[in-house]
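There are two complexes below, and they share subunit A, which is joined by subunit B in the first and by subunit C in the second.
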Partner chain A sequence: MRKSLLALTAGLLLAGSISAASAADKLKVGFIYLGPVGDLGWTYQHELARQALVKELGDKIETTFLENVPEGPDAERSIEQLVRAGNKLIFTTSFGYMDPTLKVAKKYPNVHFEHATGYKRNPNMSTYSAKWYQGRYIQGLIAAKMSKSGVLGYIGSFPIPEVVSGINATILAAQTINPNIKVKIIWANTWFDPGKEADAAKALIDQGADVIMQHTDSPAAMQIASERGKLAFGQDSEMIKFGPKTQLTSILDTWGPTTSPASRPSSTAPGSPRTAGAVSTAICSRWRPTPTCLTT
Partner chain B sequence: MELIEAIILAVLAASTPLLIAATGELVTERSGVLNLGVEGMMIVGAACGFAGAWLTGSIFIGALFGIIAGTLMSLVFALMALGLAVNQVATGLALTILGIGLSGLIGAGFVGERITPAMHLYIPGLTDIPLIGRVLFGEDAFVYFSLALIIGVWWFLYRTRPGLILRACGDNHVSAHALGYPVLRIRTFAVMFGGACAGLAGAYLPLAYTPFFIPGMTAGRGWIALALVVFSSWRPGRLVVGAYLFGAVTILQLHAQGWGVGIPSQFMSALPYLATVIVLVLLSRARTGGSTAPAALGTVFVPDR
Partner chain C sequence: MQLVLEKRAERSNTIALVSPLIAIGLTIATMIVLFAILGKNPLLALHAYFIAPLTDGYSLQEIAVKATPLVMIAIGLSLCYLANAWNIGAEGQFLIGAVAGSWIAVKTQGTDAGAWVLPAMLVLAAAAGALYALIPAICKVKFGASEILTSLMLVYVADLFLDYLVRGPWRDPHGFNFPTTAEFDPVATVPLLIEGGRLHLGSIIALLVVAAAAILLGRTIKGFEIRVVGAAPRAARFGGFNANQLVILTFAVSGALAGLAGIIEVAGPVGHLQPGISPGYGFTAIIVAFLGRLNPLGILIAGLFLALTFIGGEQAQIAMKIPLDVTKVFQGILLFYVLACDSLILYRFKLVFPNRQVARGTH
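== the complex of A and B ==
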């Protein structure tokens, strides 16, 4: 960790990517958030990473975030706003920011962009992601073992690579336990709408699913599963509060460790894809009664 | 059978917040005021409603907090748009932005807390009737209250003198003023009613639908309620049709996906909007043909004396 911080500061000074005169060698880092920081899921975990970054680097950096930025062309304005405010490193933290980020990146070659989970890159725009499918595989194994009805319910957000790979991993894993297992998939077509996520969970349970998985961001599905006495998996962050006897385990996105190395724009090959890898995709298994942490 | 019942129950729950919020906005717009701040009033109602219920342990007091919060928000609107005659569209949009921020602030301390959701009614014998028992006698009180509310509003608008006066203000505020009716006072009450309903609709979300508070949890329901009012051509009956149709298609498309119907999910997600717009447009074309919007909707009124 320390090493990467030193590398960051040294790298930046050597590369001269910020003018020495301005801002007293403070690197300004901007974040574009999809949801509110209190969503208890995806954005919340990114916010924790931002806080970790601030804690690590102290007054060497200055961070700003914009929350509730809708995906799509309109995000361009928000990203550009961060550029104009003098941010030299910008994290665009959701898949749907890919094209807008690329557009802004081409316009401002001196600013570095880190985009989450996409596939388009530029010399000054990299991708970061995590090996979620590994966690999903483990969830698939657990779900198939725990399911009595042989029907699993899966709430998807959007049919994009990170979600589809997770569903595939779940099904492949579940089939190794029970070849006849059924996985019912409902696409919510939103990342965050507690009411709709709850409705999707109700529909899946009403159709016979007894283990609910989700790739959406609020704990609504967990809460419904808890109300109906079914089992569920948390998403992005710990959701055990919403189903103390319901949550089997939770995929935990710990961005902290990846955010720091990613903040070295000049010391790693620019434009290269990154996976969070070993450190960050920690699957915290709150397998009752003793919590254990598996690392993928 | 059980599945049908489950679907109907889910539809009721999904439609209720839309119906309550839209009922309030219908009255507001019938008085000639366009308040685009429904989403903002709803989300503040959600935050305050949850806070109230969490602090007191009572869903009823939570709902009351939501109503009061929504009303206070609408008073801000009334002060700007009616008192100072500011542009209503701009004021409404600003109210939404204010509400989203304010609710995040109010609710910050409550994120991650849980409450016991609103009790579902249980009448021995009646609730146990298969299929219809739980639908008619087994939902939470909000569901039945929302229906009573819209019937009450219909009765008020079309069967009482104050309702007639309110509609007159919406259709021609100059004439209403000339006849000696206090246009701005009537409109303020209509705006407050709209705010109270939006606050209650917002409070329904954390008190009954998903019993926790998360910033932004209304997720655009205020806008849908606004659209419902327009597409129902400002009529209570069609509003009920629209709200339940929207809820029904929302839930049914989720079930259809679960059954594995091979239609792209993006299209399915658009279906509730499509179906509601088509049906309500057909309904309003079948009868009158012309526009039924309150003639003075959204126009500023400054009494000349």
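== the complex of A and C ==
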């Protein structure tokens, strides 16, 4: 279910890096984060991956991140700031950065961009994602088995493909257990807003849901479910400490290296699609580094 | 010995001028301590915040881009505040302006509409912002409703209206459901001033607005009326000035400027309408207006300075790995000192030596 940022970075190092011998040629890697690094969800998992990168590749790379960058008019500037600070590989880690990333990518053909979960691309801008809906399917099965009321509560962020596919997978799976199961959805219209997420969880529970699922980034819903004695799934990150008796399981976005050999630095030739991830469900990046990427 | 605050016989104009400078000085001193506690070199950090962004053309452009909406909105707000009309809802007027202007952009998308599109968008946005601001103004004049509350509440209405449009009728059909309109056509986009840069025509418009406000306040009877109604309402009444009329006028002007700033932001740096087009410009502009002492030139400087802290904060994050929270703390401290120093305009410190203590000193 995951693809390793480490593999991507290592791939880029291999692609052009051989020339990058001296310290001055260190690969600079930048990250644009949507939330604070301490959101304990999506951004936190990316931050763990960045730390893993630093640990694994040591002084071959230098990393920088900008946190709390809204998906609005400031994003383009923040991305460009990273480019101008000399970063050659930049991860823009949320869907809403797609257009600004594309704008900057067109302006700086020698910098490589990895954008999360979008659909617009450029020769130097690719998409990374994971098949989350497979995890959602399993969650749907568990939820339907555990639910007594036959009503599941689902906190959606934005009705984009990544989120809708997760909801569909949940419903399809749950219906195989209980054909009459209902999934109530509340759109929080945000990726990270603990207050709104908590309100959504309360509203769903008030509507009879006894299992809460979410596609937002904070553990707020888990805390509410725990207070009300309901069940819930973690999202992005391990959230069991917010509901020791509440969390059924959690989808972990492990972008960094894992124990699996598949996620170790890939030696696949640059330019060809490759699979990197802990399990066979990982999807491929359309990563196409050009050999010039580090020599300029 | 005791340190007390004593009311001045009259407001000190010297302090009124230097108080922002004292505030900035105190802020910098506090930041030096904070950086030192964080284990960062204070001089390098201050360099990243204040000097580095001023040393290359790219950052200067970004400062201007960031300051443009702040200055434009703050100028309008300053007129309101001078006339004792408390428009807190510039954020909403900004959004409504953006929506109204975008309407033309969305409706002409893909057609061969000519060069009239952008000017029409600007005019419509200003008109819509003005009309939206008139709601709280008229409620105040006719029914005595608190304009602070009504204008603030209308922010949320505008926010949700924009939200509805980009999720529903105006949603980009190729946008995979993400709440945004399609990218505007080139004729509906604010032209850039520098090829490959981000500086746009809006910054020029903001400068013109500053100049117009300076002339209005300094050289015209209307400007005099605004200042008198705010500073001395009784005198204004004796002078035959109509305070209610001025509430309507200043609200309309400030709404128009906020609306104009909104469409310029959307048709400029953003390029499409989406939720979150304003990271709180309408509210930050209130700080800018007061930091600039409700004076057009002061507001221009204050807007640029606040923009500098944003850009510098980002560069400090990149260059020194200083967390974003420090930038927020920094802006908070600045506002705190500005307000604190402002009390010195009407008050002064005085050392008081009570007799009792003097007597004790003779032991």
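Here, the second predicted complex is superposed on the first by the 232 of 296 C-alpha atoms of A that agree within 3 Å, B and C clash if a C-alpha of one lies under 4 Å from a C-alpha of the other, contacts with A are read in each partner's own complex, and residues count from 1 in each chain.
Everything that follows uses one rule, which is that a contact is a pair of C-beta atoms (placed from the backbone, for glycine too) under 8 Å apart; a residue touches a chain by one contact, two chains touch by 3 or more.
None of the values given here were measured: they were computed from a predicted structure.
Novice: Return fit or clash for subunit B versus subunit C, each positioned on subunit A through the superposition.
Specialist: Subunit B/subunit C on subunit A - steric clash.
Novice: Could you tell me if A:A200 is touching subunit B, subunit C, both of them or neither one (first, second, both, neither)?
Specialist: In the superposed model, A:A200 contacts subunit B only, not subunit C.
Novice: Report for A:A52: first if it touches subunit B alone, second if subunit C alone, otherwise both or neither.
Specialist: neither
Novice: Is A:N68 touching anything from subunit B or subunit C once the two structures are fitted on A? First, second, both or neither.
Specialist: Touch status of A:N68: both partners.
Novice: In the overlay, answer first, second, both or neither for which of subunit B and subunit C A:P161 touches.
Specialist: Once the two structures are laid over each other on A, A:P161 reaches subunit C alone.
Novice: Of the partners subunit B and subunit C, which touch A:N189 in the superposed model: first, second, both, neither?
Specialist: both
Novice: After lining up the shared chain so the two structures overlap, which partner does A:A85 touch, if you call subunit B first and subunit C second: first, second, both or neither?
Specialist: second
Novice: Touching A:L141, do we find subunit B (first), subunit C (second), both, or neither?
Specialist: neither
Novice: With the two complexes overlaid, spot the stretch of subunit C among 62-70, 116-124 or 332-340 whose C-alpha atoms clash with subunit B.
Specialist: Residues of subunit C that clash with subunit B lie in 332-340.
Novice: Touching subunit B in one complex and subunit C in the other: list those residues of subunit A.
Specialist: Comparing the two interfaces on subunit A, one with subunit B and one with subunit C, the shared residues are 36, 68, 159, 189.
Novice: Give the list of subunit A residues in touch with subunit C in this complex.
Specialist: Listed in rising order, the residues of subunit A that touch subunit C are 30, 36, 64-68, 70-74, 76-78, 80-82, 84-85, 95-96, 99, 107, 119, 158-161, 164, 189.
Novice: In their complex, what parts of subunit B are in touch with subunit A?
Specialist: Per the touch definition, subunit B meets subunit A at residues 3, 6-7, 10, 13-14, 17, 100, 104, 107-108, 111-112, 114, 117, 205, 209-212, 214-217, 219-221, 250-251, 254-255, 257-260, 265-266, 268-269.
Novice: Can you list the subunit C residues touching subunit A in their complex?
Specialist: Residues 58, 62, 65-66, 163, 176-179, 183, 196, 198, 265, 269-272, 274-279, 311, 314-315, 317-319, 321, 323-324 of subunit C touch subunit A in their complex.
Novice: Which residues, counting only subunit A, touch subunit B once they are in their complex?
Specialist: 35-40, 68, 153, 156, 159, 184-190, 192-196, 198-200, 202-204, 206-207, 218-220, 223-224, 227, 241-242
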